[in-house]
Amino acid sequence: MFSLVNTSGAIREPLAEFFGVMILVVFGCGTNIMVSTTSNTAVAASPKGDWLSINFGWGCATAMGIWVSGGISGGHINPAVTLAFAVFRDFPWRKVPAYIAAQVAGGFVGAGLVYANYIHAIDLVEGSRHIRTVPPESPGTAGYFGTYAAPYMSNGSALYDEFLGTMVLLICVCALTDTRNGPPPPGLVPLAIFLLILVIGIALGYQTGYAINPARDFGPRLFTAMMYSRKVFTFRRQYWLWCPILGTILGAQFGIFLYDTFIFTGNETIINRPNKAARAAHLHAMNTETRKPPAGTAVDP
Amino acid sequence: MFSLVNTSGAIREPLAEFFGVMILVVFGCGTNIMVSTTSNTAVAASPKGDWLSINFGWGCATAMGIWVSGGISGGHINPAVTLAFAVFRDFPWRKVPAYIAAQVAGGFVGAGLVYANYIHAIDLVEGSRHIRTVPPESPGTAGYFGTYAAPYMSNGSALYDEFLGTMVLLICVCALTDTRNGPPPPGLVPLAIFLLILVIGIALGYQTGYAINPARDFGPRLFTAMMYSRKVFTFRRQYWLWCPILGTILGAQFGIFLYDTFIFTGNETIINRPNKAARAAHLHAMNTETRKPPAGTAVDP
Amino acid sequence: MFSLVNTSGAIREPLAEFFGVMILVVFGCGTNIMVSTTSNTAVAASPKGDWLSINFGWGCATAMGIWVSGGISGGHINPAVTLAFAVFRDFPWRKVPAYIAAQVAGGFVGAGLVYANYIHAIDLVEGSRHIRTVPPESPGTAGYFGTYAAPYMSNGSALYDEFLGTMVLLICVCALTDTRNGPPPPGLVPLAIFLLILVIGIALGYQTGYAINPARDFGPRLFTAMMYSRKVFTFRRQYWLWCPILGTILGAQFGIFLYDTFIFTGNETIINRPNKAARAAHLHAMNTETRKPPAGTAVDP
Amino acid sequence: MFSLVNTSGAIREPLAEFFGVMILVVFGCGTNIMVSTTSNTAVAASPKGDWLSINFGWGCATAMGIWVSGGISGGHINPAVTLAFAVFRDFPWRKVPAYIAAQVAGGFVGAGLVYANYIHAIDLVEGSRHIRTVPPESPGTAGYFGTYAAPYMSNGSALYDEFLGTMVLLICVCALTDTRNGPPPPGLVPLAIFLLILVIGIALGYQTGYAINPARDFGPRLFTAMMYSRKVFTFRRQYWLWCPILGTILGAQFGIFLYDTFIFTGNETIINRPNKAARAAHLHAMNTETRKPPAGTAVDP
């Protein structure tokens, strides 16, 4: 039978990332849609969830996405994480494009799966199957998929919000996978990350919708560009680019920089590797290795 | 004294599945009933729970059901899981009928235990001990036991909803029990499945009541067929058959197919076994083995 | 300095049970009081918790009580559990009186600690520091400590409710500590019991207040007999005796009977020990052993 | 590159405590702010969280703070814990000043990071960017950072509340790190402490805002002294000193005293060390040791 067992990591790793983000978005955007639509009495007599449900939904969604991909691809399921590990922890740059493409594709497909599931509920909220609105229009159901800032937020504040959220995300992810810092057993790292995403949503989630992951935002946003309108890319000019993409990528870089500089004691980071020759040798070894899980794996069994 | 210690697996394994589903339904349907009846002021001054309570209730219920049966029977507690492992992972077909019968019986008995517990509250909600209503009649307390689709859902959408929910259930269950993919320690797999059922309820639970398990729906529905009326089997014609039974079974098959094709690297799946002779030999070994836990155990200690 | 290190288990084990139940009641009854009093606008502008908070409170409280005592006394913190293990699992009968006395004393002291903490809030709810009411009087703040049935519950139904709750409690506790049934690692059994108590509260908690533990009810009730009135013992005649004491003890016996008969395969239970001589020898060994943790420990490290 | 890998523990341990408390306060005070400001319709159409969100927020925040610092500094992230281990468990006194200074600094910086993030929302709640109010003034947004007692609480009751909360905190922390008492695996201690902080918030959190940690209160309070006014230090005269500082420190001392006297059997506590010479030898060994994690580590891998 058809099987991918013997294919190289070049195919299998991005596939795992694809399914990881797909699961993340099916559960996460599914939560957004179910909680939001059922607060409309045309859909349900009483709301089926509240903001805490959304926080739990995204927390569990992230844990499941990592468990689905962890042992194969490292369970990044987030381009900001992939880029942070590429810059600081020698995750091979040659793998980065396929990882990010797979992550975005997973977000796109996941959005499609839940859009199909909730199409009647969205019709009821919009008032017709021929209407689809994008924030700041009301009801703005495109906001179930991509993230949009609260009206009172300045662009600078929105950028800072995503930067801060992804910065603390990376500090914690680095700690949770640092065997010198008392982390959970590898197979339970996703459980700890469940708590981490839960609290990011509770403490930092409202103002910009806590993207903290470019693929979780861009994949579904691309889907709504097709099903809704191009307005998803013109909200506040290039909001989609500055906040959920650049804000998260920069925050991740700064978070791992802080961790590797002030806490990390391993030598797998560029921060702790003064000798250029040693680093070059290490990088060469990394780039010629083909079948093992990548360095910087979130869940390395 | 009377004891089942030395009985063969042919009795003990289905017994474990029986108790697993019984616990699942006592906690799960108990949650449905308590949350729903206490929102009626005849029963309680203020509601004792909300939709998030229902999600936590079913999540914990599933974890407990698996812990009760995991080491004996594999902790399937779901015919869709049993059939998925039979088709793809060589779970012995000769065990399937007893497993499914025990799962349905456990659901039936569990429903009876909580019906007896909440009979006065149900009387108060129905208005009399002589009235029992089935959705779409109001209040439709039969809906505490079996699952019924929201009014706006088409039959096709309802089928897709259960298909999607069980598909992602199986993708995640396969990952959580795949020793090559960084799963939790075996004794903590039910903890991860708690998170999984929690998020399925939060993200995909409203429109069809997230059966995602034919026995969890059919056992209690059979009980209501006796205590309420045959209308539980005539709601939208054969809704009970198409959505909570066929929708979940097909979704489970597709979910494990995706996992085994694109992520799984073990050779315990038909996907990864090109050599017919090797497969036959493996199947023969499985079918002549009698006392060990079945293959495809969710919790294999 | 003064130390109990070298004292025999006859002192240290009941002390651990004392502190375990004290922690259970400080957190559990503390939750009841905080959630209930803050729903009164004289105490707080908005409620600080709801029914789900109560469920989480008791779940965490139980986990902490077991962690505090687990490795010393076995972490029973519940006379119904102690008696179940004495009857079925050879927990030494000579230890039972001290265990139960310590458990009830822990409940009494825990109730006193939180009563002192919330005395001003209780004054505000009662309307005066000179008034203390017992259910069914309103507001009935004695109900923060002992358990009282909902008005519509018959005595028989109340008994059944506690019986059912404690029966499923014991089935699950037996599974979670059965090394032949895929349990969590010993140090994480309290985490699983957190989920168990959480779901018992969500699914079976309202009608009788889920005592499921004679000491958790009787200790605090005794405290309210002193601070409130003897009415706490005359509610529905001997409600306190039949439901939270006998109902839970009988439910626990039936739960462990079901588990040991149909699921358990170990020989530590009277169910699986046909040979009287072997059993007598085993019992003798148990009763002469003095310093080791008791058999039937919930958390045996 | 610049790196702290080879620096002595005298720098690295306080740095870890700094980041641990910073993470604690970013998530914890962030939760306070987000839940509180979004209940104002000028900020959000519907509240983004409730009291239970606050409890989960602080629970996760504490777990993350410990994971970030656990293997380096012991994960105290709380001066009351540091002092309890110094008095009872031979944590070296020479390390105490740097630990506490780092913890307070972490709280200060964490408060600044979330203040910047929510500055527009705070402006909307206060009504102007030129107004900042301190409890008991309304809206009193300084209360998002430091803790303030409910109006009906006497000073004595407020002190007792913090004393009781920190006492049970220490009893449980001692149990969760006592290898003779069935604790979780070291890397999962923060998970158990998540449940512990969750229940302290649910059961004992309202009346004084559950500081239970002098640095979590004093660091952010110092920040508000700069951004708001000195009133944060004059609320009820020296409330800030008596309740969140002395109340918590004394409660921690009493909690560890109870645990070490009645439950602990190790000889790492002054309670169990009758021989002065042996103790002096032990202390000397502790104080000359430089690079290893300190004794009394909450998370000792």
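When the chains are written out, they are named A, B, C and D in that same order, and each has its own residue count from 1.
To be clear about the criterion, contacts are C-beta pairs under 8 Å (C-beta built on N, C-alpha and C of every residue); 3 or more make two chains touch, one makes a residue touch a chain.
Note that the structure is a prediction, hence the values are computed from the model and not measured.
Asks: Pick same or different for copies subunit B and subunit C, depending on whether their interface residues overlap by over half.
Replies: The interface is built from different residue numbers on each side, given that under half of them are used by both copies.
Asks: Report the inter-centroid distance (CA atoms only) between subunit B and subunit D in whole Å.
Replies: 42
Asks: As a quick test, compute the distance in whole Å between the mean CA positions of subunit A and subunit D.
Replies: That pair's centroid distance is 30 Å.
Asks: Which residues of subunit D are in contact with two or more other chains?
Replies: Expected reply: 50, 52, 185, 188, 191.
Asks: If every chain is a node and each touching pair gets an edge, what shape is that graph: line, ring, star, complete or other?
Replies: ring
Asks: Applying the document's contact rule, which stretches of subunit A touch subunit B when the two form their complex?
Replies: Answer in residue numbers: 1-5, 12, 15-16, 19, 23, 26-28, 30-31, 34-35, 38, 43-44, 46-50, 52-53, 56-57, 60-61, 63-64, 67-72, 75, 113-114, 116-121, 124, 185-188, 190-191, 194, 299-301.
Asks: Sort out for me which residues of subunit C touch subunit B in the complex.
Replies: 39, 50-52, 55, 150, 152-154, 157, 160-161, 164, 168, 171-172, 175-176, 178-185, 188, 191-192, 195-196, 198-200, 202-207, 258, 261-265, 267, 270-274
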